[in-house]
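So that you can tell them apart, the chains are marked A, B, C and D in the order they are listed, and the count of residues begins at 1 in each.
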Amino acid sequence: MTYAFDKLDEEKVFKDPVHRYIHVRERLIWELIGTAEFQRLRRIRQLGTTYLTFHGAEHSRFSHSLGVYEITRRIIDVFEDHPDWEDGERLLCLCAALLHDVGHGPFSHSFEKVFNTDHEAYTQAIILGDTEINHVLKKVSADFPEKVADVIGKTYKNKLIISMISSQIDADRMDYLLRDAYYTGVSYGHFDLERIWRVMRPRDDQVVIKYSGMHAVEDYIMSRYQMYWQVYFHPVTRSAEVILRKILHRAKSLYHNGYAFRYPPGLLVPLFKESMTLSEYVRLDESVILYYFQVWQEEEDPILSDLCRRFTNRRLFKYVEFTPSNYQIYADLREAFKEAGLDPDYYLVVDSSSDLPYDFYRPGEEGERLPIHLLMPDNSLKELSRESDVVEAISGKKRTDHKLYYPADFIHDLTTHRSAKERIQSLLQ
Amino acid sequence: MTYAFDKLDEEKVFKDPVHRYIHVRERLIWELIGTAEFQRLRRIRQLGTTYLTFHGAEHSRFSHSLGVYEITRRIIDVFEDHPDWEDGERLLCLCAALLHDVGHGPFSHSFEKVFNTDHEAYTQAIILGDTEINHVLKKVSADFPEKVADVIGKTYKNKLIISMISSQIDADRMDYLLRDAYYTGVSYGHFDLERIWRVMRPRDDQVVIKYSGMHAVEDYIMSRYQMYWQVYFHPVTRSAEVILRKILHRAKSLYHNGYAFRYPPGLLVPLFKESMTLSEYVRLDESVILYYFQVWQEEEDPILSDLCRRFTNRRLFKYVEFTPSNYQIYADLREAFKEAGLDPDYYLVVDSSSDLPYDFYRPGEEGERLPIHLLMPDNSLKELSRESDVVEAISGKKRTDHKLYYPADFIHDLTTHRSAKERIQSLLQ
Amino acid sequence: MTYAFDKLDEEKVFKDPVHRYIHVRERLIWELIGTAEFQRLRRIRQLGTTYLTFHGAEHSRFSHSLGVYEITRRIIDVFEDHPDWEDGERLLCLCAALLHDVGHGPFSHSFEKVFNTDHEAYTQAIILGDTEINHVLKKVSADFPEKVADVIGKTYKNKLIISMISSQIDADRMDYLLRDAYYTGVSYGHFDLERIWRVMRPRDDQVVIKYSGMHAVEDYIMSRYQMYWQVYFHPVTRSAEVILRKILHRAKSLYHNGYAFRYPPGLLVPLFKESMTLSEYVRLDESVILYYFQVWQEEEDPILSDLCRRFTNRRLFKYVEFTPSNYQIYADLREAFKEAGLDPDYYLVVDSSSDLPYDFYRPGEEGERLPIHLLMPDNSLKELSRESDVVEAISGKKRTDHKLYYPADFIHDLTTHRSAKERIQSLLQ
Amino acid sequence: MTYAFDKLDEEKVFKDPVHRYIHVRERLIWELIGTAEFQRLRRIRQLGTTYLTFHGAEHSRFSHSLGVYEITRRIIDVFEDHPDWEDGERLLCLCAALLHDVGHGPFSHSFEKVFNTDHEAYTQAIILGDTEINHVLKKVSADFPEKVADVIGKTYKNKLIISMISSQIDADRMDYLLRDAYYTGVSYGHFDLERIWRVMRPRDDQVVIKYSGMHAVEDYIMSRYQMYWQVYFHPVTRSAEVILRKILHRAKSLYHNGYAFRYPPGLLVPLFKESMTLSEYVRLDESVILYYFQVWQEEEDPILSDLCRRFTNRRLFKYVEFTPSNYQIYADLREAFKEAGLDPDYYLVVDSSSDLPYDFYRPGEEGERLPIHLLMPDNSLKELSRESDVVEAISGKKRTDHKLYYPADFIHDLTTHRSAKERIQSLLQ
């Protein structure tokens, strides 16, 4: 028997609060989980700074990745009566599910904005590079790592497999909605996962949903909508993200200006230089970042130490709604901040979030926004929003939210710059 | 109005998966939660290395501390019809509940064994020393910090208040059983919290349980029993703890021997010297520790780097049952390990766990093991195990488990020391 | 102390799967629950024939009524900081909540259609007539029953109290959504009840919702929408209802035509005569009805016995979609049924369901469809659908569904009327 | 293909709150569920009079029977890797699981005590007699009904199959513990069903439990223990049962004494005569019984009408603890009751409950108390209580509880028999 189909002597199970148990039967999957690069995901939180808003949201990308694997495994089990996959495509699908997030770094979204990194590129690099994961995958065949990377990069020939990992109703989204709801404790985010995986059907190059499962999908879309605005884009979480980004900006800028760090940035230097190797990248995790923030509280640079204290001790920025068209207020505020001795590049920050809850067609946009198709009783396909009133109602409606973040405590304590303080306070109203 | 009774303009709520919502009405509580020392608990996991066994157990002492506060608040609400507390004792109780764990360091149990620190002493030190927490508590009155420290130290005059924070059925234990069950996902650990808090009654110097609630308490005792052996003393978790302790031992020993660290231990030096100040202590958290473990993988010392790789990448020790009376086997194994070039001080470790699920009387032992009393219909008190068959059955029965941990992979790979390998393998059977 | 405020020596609790515990402190409430008329609700299912579709839906109006009482009690507890109610209005509200469904008969909706009864009129009659409930209520004061009846009839002067019992987001709807979801096991129907009751505020003549609770209300509206179409209007449930109505029609018609029942309808005669007294009404419950259906399986009348066998043994009618505008098909089918020897009055039935998920203004319609108002941060009120995209999307959109029910087994077995059979089958496609 | 293995075109699912979904793939199972005898279980409550104590416990034996089928199906799925069953034994097992309770009558336990019926005998009679169930089973083969009856009667040759349906840890017990906990809402009764079914292994003539699942089994045993004493033997439930039995006794006695019923007992006459046919038996359900209790409230016989009013309106008997050895008190009370004009045969009733939570060996007792065996790592078997402290503690310990029931309201209202009243009250203390 080839390695690909080598079973463990005894099935391994992980106790999981969301899926009860996660089942592993293949040696390949078991060994992937044991690699250093996959274990590293234990040290990267699934929801970045959200734990500063919802204290329960302390779960890691490791847990989520196991969950995506498990949902994919269950979907495939339902499919198996209709098998038209090539030999080994089942395993390919499971590997891609398990590894789809392996390139995430600490606080990915903030890092990507500051350092122009790209976690999907790193995911592919880890799969293809000189890593433990690559060595395990190669045991299947020399070109297996490439195939896994292709699925994740959406260039694999069998589009059905891609659609299970990345579509508007894929295993990734289904796991994170349920998992994030469980750990934050919010009551949104629940939908009937078992119902959905049982009505999924492979159909040409996509997974479609049996018509009888439409309402479960409606529920899923609504969960997604609520989770985005109630949890993922929570303004307090974004305040922490704003501070985090500004710390990274400041540290990078100090580094390039030759500032003498009391605690040198060590592991972050390759990032600052934008010349990071793969092995340097996988050393980064949230412990490393939080260590620097911890010690940099004692740096002499007042902006760096202040921002690190804010993040570490959760002294976040306050916010007001901001209308981008009203640019003049922002410009005036910047002036007033400068006058008050506060650098507006660090202390007056616009942050925007926007979400498209469901879309069926986006001309000229990224290809991944494929519509969800219902498999009708007569075997035809129908795009979801044409059947569902609820989905139709929110379909294609992009919603955007802009906020202006600033340190209300500093403004409140401005004693020497009374007129600047008054101007700021009146502009912020 | 005094500060102690100063209410927030609007009640603050925290969304909590275990208690749905945690409610804060007093400014005092709100400000305590906002202190740097309390926020630090976000960076200390509630269950230490358990996340390496149960991947969901990634929750922090911050969440748990809020939970203990909330349960205490609800118990007191039931009491309020029978108020014979001095003015302010309600708040005292809430503060002690919130702060009871604030002195915990990273991976406390391991650190305490290696460095002889004591988290309860640090809890009192943080409350009484020059800290943000102390400054907030002092706003109530000059002697308020002392009172809070006395409750936690079990020397406060009103023993009733002490019994709410530390007894065999206190808010601390009730929160951690439910919370740890929720995050690990195990089905043990559930009991009817609401039932218990509704049947609690203040009675002289202790909290007693109305007889009608006996079965809910039985359930709680059984939950505790199961959680200890299924979760807290899980042998895989203990394997990770063994490695962690050995890392700390090794680093300390290297430090004292003048080893030239590539990444010097910096924040850990005061620990190695056993001369740590309070401000040095509160800088420590799990990010800091994991940072050192991450970078020490690159140290030259083979034991330190190997152990750090093991912990970081979860390459744990295997174990066999160990009977302490059979000391000769252990001595023989040590010899064989030495012969094979493996330092037994680091690679052959006995670890013991023991638990007393419930006890009603322990002559000559620590005072905290006070029995649980039932309030009978005729208003008399009866010790729990005299009424409950189930509790009687497990009462006073200490159970101990000894295991011997070792690096099975190293033994397996011993090629140059064939005879030592064979001896080790036969001794381990 | 007056009877109204007489407390029980010890609070009574009911274990409830939905609200954990239901708490009763007032003797008045306790005695109302103990009356024969209220206990009768144990023998009337909350969801009529739904248990034939969702087997778990076997719960009674008794459970639901306790639930409505409990939610109301909790809402009022939140209000109590802002008390501008007359003495005793709290109790009035609790009584109305508890008793709002007490006039329901067995399978109410079907009975009302066949016999023109009105459960709300019976609720008021039971409160005001010579009943145990009336005697208990009168102990408060001579006019107290009248007040309770006025609240239920929506004519009471304090509109705030009415809005708690009957509005688009009242204790009734909140309990039944959660409870029906719990007992059917569907995953729709969940929303954050605690969040909603905590953001409810009394405001002039209505209960309004603090703006911060808008998303919980959105979730509630969507739950309602899903429950209506997934559970309440399930076509199989409606098939059983259709048969039930036809049994009642047939029995009434046979009675008026002097048919000699083997098992005379006894307790149903006053219904057939449409001259029912209150004491005759309260003897009716679902046991009585199911008893008649059980024994009437042995009646000689073939239609009555067939329909009773169908209902009792769940041999339901099948259905096809029906477009009312296409009346000709229906007329043709009736002819074909007659030709085949099947009485279309009993065996070819159109059933329509329609729902308006949320509405803010319905000119010229029943007054109860008052909008839900949000209490904005600036203390103004805003109608919900003006703030919520999701609610706006489904607001005011009445959805109607028509189905045609018929006995597919009979059609299938038509051997002697081959041409009629073929015509029927082709018309039904 | 034979009928036995005929699959439905499309799997049917039932939404179930306990198991999420119940899956039916075989036409045989689907047709059995559709029979009149199986549908009748919808009209028989799973927990008899328990709904008068726990209002949520309104679920039927229909739901429970589906649940037992589903658990059995899942256990067999795990077994299938180790198949040494004869062809068709899988289906046999499923049929026996589904039908094991089909002979239950209304309020079975009470009826059996009064009329000496035996629900297991009726289960076999329904399977073997001229019923719809028998006709469906015969489609498999002429001797298939016999085999199903043998499994239920524990005489089938393959003891492994019997042990799945009736042992100390069978699908029956596992479903009812979880289901009764769900519907009553109590927090006891939870255990890790999935864990247990995954560690079950077929071994010779019994199902054994892999050692690694021992703690899940401990939890199950404790749940059982708590459910018995907290729910099943609840003294209020038993009060309702006492009244129910006394109604049946009275009606039977009146019938034999030629009493002229206003509402003749009709369907109950064969029971009174103890000469009931199968077709008469299956007409009985709880609607029929409750109908008689409803109308008999108007009978002239004061005992019958009083008892029926008590049951229907939940005016239950109160109780005191009773020590059987102290027989004199009981004799004295009987005398005093007679003196007071209360027939002690109906108004002074001793009721006893006893349970043996787990037993490993009962010499000379019914064979069904087979021990639970653990499958040890070395492949040997070990009886559960030898490994588990907790189980050992409660093993073999029969606990019995005796109570004396009486109408406290009648005693309280005794005005004309003052001395008897005083004697009764002093004896009852």
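The working rule: a residue touches a chain if its C-beta (ideal position, glycine included) is under 8 Å from a C-beta of that chain, and two chains touch if they have at least 3 such contacts.
Worth saying up front: this structure is predicted, and the values here are computed from it rather than measured.
Chemist: If you check the contacts of chain A and chain C, which chains show up for both?
Modeler: Shared contacts of chain A and chain C: B, D.
Chemist: With centres defined as the mean of C-alpha atoms, identify the chain lying farthest from chain C.
Modeler: Max centre-to-centre separation from chain C belongs to B.
Chemist: Taking each chain's centre as the mean of its CA atoms, how far is chain B from chain D in angstrom?
Modeler: Inter-chain centre distance comes to 45 Å.
Chemist: Measure off the straight-line distance from the CA centroid of chain B to the CA centroid of chain C, and report it in whole Å.
Modeler: That gives a centre separation of 52 Å.
Chemist: Could you work out how far the Cα centre of chain A sits from that of chain B, in whole Å?
Modeler: That gives a centre separation of 32 Å.
Chemist: Where in chain B do residues touch at least two different other chains?
Modeler: Within chain B, the residues that touch at least two other chains are 20, 186, 195.
Chemist: For the complex, give me every residue of chain C touching chain D.
Modeler: Per the stated touch rule, the residues are 14-18, 20, 34-36, 39, 42-43, 51-52, 54-56, 58-60, 62-63, 66, 182-186, 266-267, 283, 285-291, 294-295, 312-315.
Chemist: Which residues of chain B touch chain D in their complex?
Modeler: Chain B reaches chain D through residues 186-188, 190-192, 195, 215-216, 218-219, 222, 225-226, 229-230, 389-390, 392-394, 397, 399.
Chemist: In the complex formed with chain D, which residues of chain A make contact?
Modeler: Touching chain D from chain A are residues 13, 20-21, 194-195, 198.
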